[in-house]
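Got a structure for you, questions after.
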Amino acid sequence: MSEPLVSVEDVKVHFPIKRGVVLDRTIGYVYAVDGVSLTIQRGETYGLVGESGCGKSTLGRGMLRLVEPTGGRVVFDGTDLSALRGENLRRMRRRMQMVFQDPLSSLDPRQSVESILVEGMRAHELDKGREETGKQLRELLSAVGLPSTALRKYPHEFSGGQRQRIGIARALAVKPDLIIADEPVSALDVSVQAQVVNLLEDLQEQFGLTYLVIAHDLAVVRHISDRVGVMYLGGLVEEAGSDELYAEPLHPYTKALLSAVPVPDPLVEDRRERILLTGDLPSPAAPPTGCRFHTRCPWRQAERCDTERPVLREILGGHRVACHFAEEIRDGKIRPHEVEPVLVHPDEVLIAPDAG
Amino acid sequence: MTITSRKARIDKLAENGDAGVSLVASAWRRLRRSPVFLVGAAIIVAFVLIALLSPLLAPHDPSATLLLDQVSKAQNKIPDPQPGYPLGGDDQGRDFLSRLLIGSQQTLMVGVLATLFGLAGGLVLGTLAGALSGWVDTVVMRIVDVMLSIPSILLAVSIAALFVHPNQYTVIVAVAIVQIPVFARLLRGSMLAQRASDHVLAARALGVKPGAIVFRHMLPNSLSPVIVQATIVLATSIIDAAALSFLGLGNPDDSVPEWGSMLGRSQGLLDSHPELSFWPACCIIVVALGFTLCGESLRDALDPKNRR
Amino acid sequence: MALLEVRDLTVQFRRRGEEPFTAVDGVSFDVDPGQTIGLVGESGCGKSVTSLAIMGLLPRKGNQVTGSVRFEDTELLSLSQSQMRDRRGRDLGMVFQDPLSSLNPVVSIGLQVTEVLERHRGMARKAAMVEATELLDKVGIPDPGRRLSEYPHQLSGGMRQRALIAMALACRPRLLIADEPTTALDVTIQAQILALLKELVTDTGTALIMITHDLGVVAGLCDEVNVLYGGRVVERAARHELFAEPRHPYTHGLLASIPRLDAPRGEKLVPIKGSVADNIPWDGACAFAPRCPNALDTCTQVTPEQESLANRLLRCHNPVEVTA
Amino acid sequence: MLRYTVRRLGQLVLVVLVLSLLIFAWLHSLPGGPVSALLGERATPESTRALTIQLGLDQPIFVQYWKFLLRALSGDFGVSLGVQPGASVVDVFLTRFPATIELSVCAIILAIVFGIPLGYLAARRRGGWFDNLSIGASLIGVAVPVFFLAFLLKYIFAVKLGILPSLGRQDAIDATRVTGFFVLDGLLTQEWDASLNALKHLILPSIALATIPFAVIFRITRAAVLDVQDEDYVRTAESKGLTTRVIRARHVLRNAMLPVVTTIGLQTGALLAGAVLTEGVFNFPGVGDALATGFRQHDYPMLEMLVLVAAIVYVLVNLLVDLSYALIDPRVRAK
Amino acid sequence: LTGCAQSQRGDQGGGGKTGGTLNFGLEGQPKLFDPFYANEGATFTVTHQIFNNLVTFKPGTTELTGDLASSYETAADGLSYTFHLRAGVKFTDGTTFDADAVCKNFTRWYNQTGAGQSEAVSQYWVDNVGGFADGKDPSLYKGCQAKDTSTAVVSVTKTSSQFLDLLAEAPFAIQSPTAMDKGKANEVKQQGDSFTFPDYSNAPVGTGPFKLAKNDVANKTIELVRNEDYWGEKAKLDKIIFKVIGDETVRKQELQSGGIDGYNLPSPADWSALETAGYQVLKRPVFNVLYLGVGQKNNASLRDLKVRQALAYAINRDQLVKTQLPAGAKVATQFQPENVDGYAKDVQAYNYDLARAKQLLNEAGASKLSVNFYWPSEVTRPYMPNPQNIYTAIANDLKAAGITVNAITKPWNGGYLTDVDQGKADLFLLGWTGDIPAPANWTGTFFASTTNRFGIGNSPWGQQLVDSLKAADAEPDTAKRTADYQDINKKLMSDYLPGVPLSHSPPAIVFKKGITGFVPSPMTSSEESYASVSLG
């Protein structure tokens, strides 16, 4: 352990916004991921949380080069992924897999489970003869807790939890090192959610996998992750071991997020002091200047927060935070205050000030 | 800005179909219970059977002027129904029933070939645009836009008029070309939707080769709106071909009978010999109705809204 | 006397060529003024159908509603369509799950709010506009005057939900039904909306039926919680009792399968086996039996009746023992 | 909005240029053409050759196109060869365009006036006999070739029953021409019977022309109303206890109209094409007839102009629809 | 036809009440109303009501008679013609008609310049008279001299059998010189691929029984009103409204629905139905010919007379005429009808004889003959009411004789005429409606040059035929000329056989019951007057 498997260095993914009279011009960018750096150790589970639209999925995809990062580097097991092209990249893909949120739409409706699973093996020449493959498939299915009769069926014949298992099996089929699970349980009923979470944990043990789990449900993330990164508007605002994060959130946003998660226990709920954020997530096409969070931050301080973008800095061992005043807030030197909500128009794509 | 034109409608169809494929079986189950579909399918099956078997069914050679001696322009006489000729003859003394029966072949051919050509062209262009994107996409779609900016019948008429040697194939080509941009746009729309879909992303993540992704994942899943459109095109191409004949741009040689031209040519005799127009018109209407019914019910069946 | 008395509410869907399907099966509960009642359960257990049945909003064809829904002295189920219209929006308000699709995209927010005022309070357009501005302000929409002339797509998700709530509350209904009002929203926004609802309920004394699948939401908000499974209430208790000692294996299982932020890490979750799709019809069995860890033979032979225990109602042959 | 309009107009210029080149090249590579149109069957090889040289038709095609383009830019599209030989193509177009506009407007009005209410009723009575009947009728309406229907209508109402005129735009009555729109002219000059007469002449052709747009509008309306009826916001409106009238008008119909408006635009554009099939049957002197005749007689200058104009009109109509769409749909308006 | 012929204009037609409007279905939109620049029937139908010629044909016949010239004579050498003009005639613009006016018309024709010289513009002049004053091409016309106000002498450069007849043709109608000057009648311009005409062409001034009142292009109607100052018997109708209806079926339906009172060229298929329904179908005497042209340019086998004869024997013309052609149609024995000078009675006949045809083919070593067969789509001509049906019938006959037939069909103006003119066709369907009863207008036109459609230059007799036609045309002695033409016709059928004459079909015109006074002319509508027509 503690040998990095992946390291992400200042990755940026900007989606161009195009518009034009006859030919399209780029008039601005959606700053979906805007300078994220993190490392994932071999064998650990790294959790990524944040509100909808903050760029979690895009980061995950950028890491696998499923979207082309605009900047930065992703180093996987010593190889710089951004330098890979064509066949080399394709071969590399075997080692890093993805599990998706929507279990149905991520499975090709026209393919049987068998061909879904075999496809990846074939792409990487892992299918060695009929029998061998058959055996592998059965092992795979039993690993994810599906009967071997499932092979001949089609995705729509399964329940949501079972579909998610198929998705996981597909990722496992190529014997990857890293699995990026993008909201693997969000679409599932609570009871089934637990089954899948347990399955992921079991598989990690069994195959020695490394996970990047993306979710917006803090409780789930905290439950399965060793380390958690909190994203806000394209950037990582805090990163810490899962227990530390809960015990002592340093970033105002994390604090608010944690306090907003309802807990199924009236005793806790009644006693709880909430930090209610006002307003909505700003548009990633026109992110606020300075600290991205300053428009909603109850601890915001004049000038600095509005103008200077805080970098992620290590405060305690392994606890990194991107806030100018993290220590002051922790120590109670700065008190929270009222925040006037800023209106956010969701569909309006504004031209970012720095886009020219 | 939503572009709410024919293009947009095509795109919309593409979206709908995207989600519709997954339950082909259940769509089929719904189809089988739909009376609309059954009527349509029955018509089509009957029509295809007639077309295939017509050489056996037709009592006479459709181009032989067997009853020519009963024809007289001067007295406006055409052969009446008589033993062996249940529907009588046409204005050249050819057996009308045989012409109607054999005419189904040509009509089927027009419908099927025009649709196939249109489909093939659309598939090629749409796949190119949808799979390659970038400048290929831009170029292809600009061409498609130009074609779509002329009303379809007009385009068909223009194309048909441009052939030096009009014959049955030029009609097919004219009707088919008009369909190409429709199919292309439709397919590109679905392909783009597929490209963005999670299962294609998953395949890419698995390292499946790009060709395999296009042909195994994107294309098959993009086809259902195209198939619906194809059924409807079958109907419209038959009607369009008839319209071309009517405008005098069809196959001028009627030794090979075809309903559209039979109808077009007999309009002048409508009051003295209405049956000469009536039968081909009926045939066209019924067959077009058959395809339309099938297409409509197929569209309904594949509509994700109707899925439970 | 209760504000709303639901007795034996049963909703059956009938489709041509298909078996009739009972989505809600003899649900009974009371709501008192100012009280907040929770209906929880997994997807498909009949929460929405129950609420729609109370509001008289089920599709006109293809279903059969029996039982009784008394609102004060009126039997809602026997009201005519037009009588029901007079009630809805005035006495009964409702908030739906998806704020975007629940707002008419081509009608301005202002008109969508004022139309209720015009309808039920007979206000003129001008006066209604003034009132609407206040309403929007009350639900926490900044710069409400300007919002009135805007359209739903111009608002963010949270703002839309606030607008919906404003509409539901426009005529100060005595009962508000909120059907998963926060499911489509982010946690931070969810917290805002829940706080808003709580505040409104306490301020106006409106009774609230809160429908959700999130036990956490219920834990902080409801006075009494009904747990639904397969269209029936399987357990009902005041929230402290329910969370402290869940008796029904289903409730128990739900609680055990949710990862908790405040629980120590490293503990495995205990999922309920199978999924909702595995439930069986209630007649002659317990619908939960196939998934139940406590299942006995009787569970598949006898329909469990609703029992009234000291502090709760329970529908189970073999409830979970109270620990400690 | 403006930006969008400019963009579409820019595209239109492109379309028209490409189209003009295509049409020109294609038409001019065909045999026959002006020479045989002008000389007719009396032509001799010698006279043909002479005329070809005189008209400059022996020059390379791009030279001819360039000349055509220059002339076209100055508004001169040449002289008709077959439709109305000897008359300037632009003049022919200008006398005939009002006819087609009148006809199309009538047809689309018919289609709308019947299509939308019937579609709405059918949706409300979904599955009932009225619904099934009208769906059946609309399906058949689409399957009947337009020209055949036109023929049938004329045969029944004009020839057999004699209650409506069978052809033309107006009887040869004394009518003052102001705008070229006969119905309008009658109103402007207060020659009521001229208007009435012109209207009567419009009835049959516009019914024939209206069938397909009617069927389409009907079905789209029906589908849209059905869709919208199940939308969440209609349920919201219900939950607010609004009156049925308000719900139908404000929440159901207004939303259902969005796709219908698009359809109306598309169909109006397509009417031009439909006119090619009906005008001939009714000897209606519009551009559709000119097109059909032009094709039959290879009246190249006429065709070049008409096809271009058709494309332009079609694109403009669609643009107009998009803009009107934006008027109804705030989501579009915003951008 | 030499010597003096007294005109008896306006004494036929008998009774019939005066007044009223005739609605008439015209088959095409007149291009313009200046007949000199026109070349098709629809225009002439109208202009013939507005203008008079110096001479004309007696109604219903091919016999020449005076019109604006009350009498005329031809000089003995055939090189000049003297016209004695009617006195007291005025153009409708008030200009007096006199010899000067006549000569001004001739001068105008002869002095065309620029675009006016194009064959596409002054087709009748170029085809029949030849060149213009600038002398680039030889011209038949030499000059016109106004001897006194009522005598005009027109001289020609060589004798011509058809010159007088020509002057009776619609294009050579006498128009008002003042009006032509005022309207700049000669300013024809080339514009793009075609020609435009001056304003005068829409405001013609003649001496005829009617005047042009309105040409409503937008409504496709043309209105003529009676010329109240007409020099002869005044027209009975107040007004004629020509409705332009291109489609034959549409014309018929308009008649049936009462929108028009009559129309030109009803489809032969409708004749009997129309008659049964109570309409008058007036058949014109035959004045056309339909033939199967044989092109010798491409296909060497067709240069063999035996092969061409085999074709003639193989075609069952009797059946063709009986089944496909209108009532009154006749099998053609030669390239001209009976009522044209030079008709030969005893030409070689080719009665249907399949065996003979096969035998001839064998003898010629062409038993595997394969030909391309052109037929025009989308057109009907008076001599060819339905090209497709006629093609089908003939092709079936030829196939029966063992000939391989490859059908090629093209639109009339979209390649058919061009291809046929260029000699690409082995077999083609074509015909002719005569302008005048002079044989030079018939065989003289068909075979005027060796490079024509038939490609007769490929046979040794080609030049011979051309020369003999020229000689016959230039023969001043009428009897000798007739004999010459008869001889040519015989040779054409026995020795040359450049094509197979198929049929003569009478075109018809239809009127509502009760309309009287219309006299159909063999030369069809361009020689028919509506002055005597009455609504009954």
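We call the chains A, B, C, D and E, going by the order they appear; numbering starts again at 1 in every chain.
Everything that follows uses one rule, which is that a contact is a pair of C-beta atoms (placed from the backbone, for glycine too) under 8 Å apart; a residue touches a chain by one contact, two chains touch by 3 or more.
Source: prediction; values computed, not measured.
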| query | Most remote chain relative to chain A, going by C-alpha centroids? | reply | E
| task | With contacts defined as at the top, give the pair, B-D or C-D, that has more of them. | result | B-D
| said: With centres defined as the mean C-alpha position, give me the chain A-chain E separation in Å. | reply: 89
| field | Computed distance of Cα centres, chain D from chain A, in Å | value | 54
| task | Would you mind pulling out the distance in Å between where the CA atoms of chain C average out and where those of chain E do? | result | 92
| task | State, to the nearest whole Å, the distance from the C-alpha centre of chain B to the C-alpha centre of chain E. | result | 46
| remark: Where chain D touches two or more other chains at once, the residues are 11, 14, 30-31, 155, 159, 280, 296, 298, 329, 331, 334-335
| note | Where chain E touches two or more other chains at once, the residues are 253, 256, 378, 410-411, 414-415
| task | Would you pick out the residues of chain A that each touch at least 2 other chains? | result | 347-348
| note | Contacts from chain B onto chain D in the complex sit at residues 1-6, 8-9, 142, 145-146, 149-154, 157-158, 161-162, 164, 235, 239, 242-243, 246-249, 260, 263, 267, 270-271, 277, 281, 284-286, 288-289, 292-293, 296, 305
| query | What residues of chain E sit close enough to touch chain B in their complex? | reply | 248-249, 252-253, 256, 267-273, 319, 322-329, 377-378, 385-386, 388-389, 392-393, 396, 407-411, 414-415
| task | Mind listing the chain C positions that touch chain D in their complex? | result | 55, 57, 84-90, 92-94, 96, 98, 101-108, 111, 115-116, 119-120, 151, 153-154, 164, 167-168
| query | For the complex, which residues does chain D have touching chain E? | reply | 30-48, 50-51, 54-55, 57, 67-68, 71, 76-88, 92, 95-96, 98-99, 154-155, 158-159, 162, 165-172, 177, 180, 182, 280-283, 285, 293, 296-298, 300-301
| In the complex formed with chain D, which residues of chain E make contact? | 23, 29, 31-32, 39-40, 118-120, 123, 126-127, 190-197, 201, 216-221, 223, 241, 243, 245-247, 250, 253-254, 256-259, 378, 381, 410-419, 421-423, 430, 432, 445, 448-449, 451-452
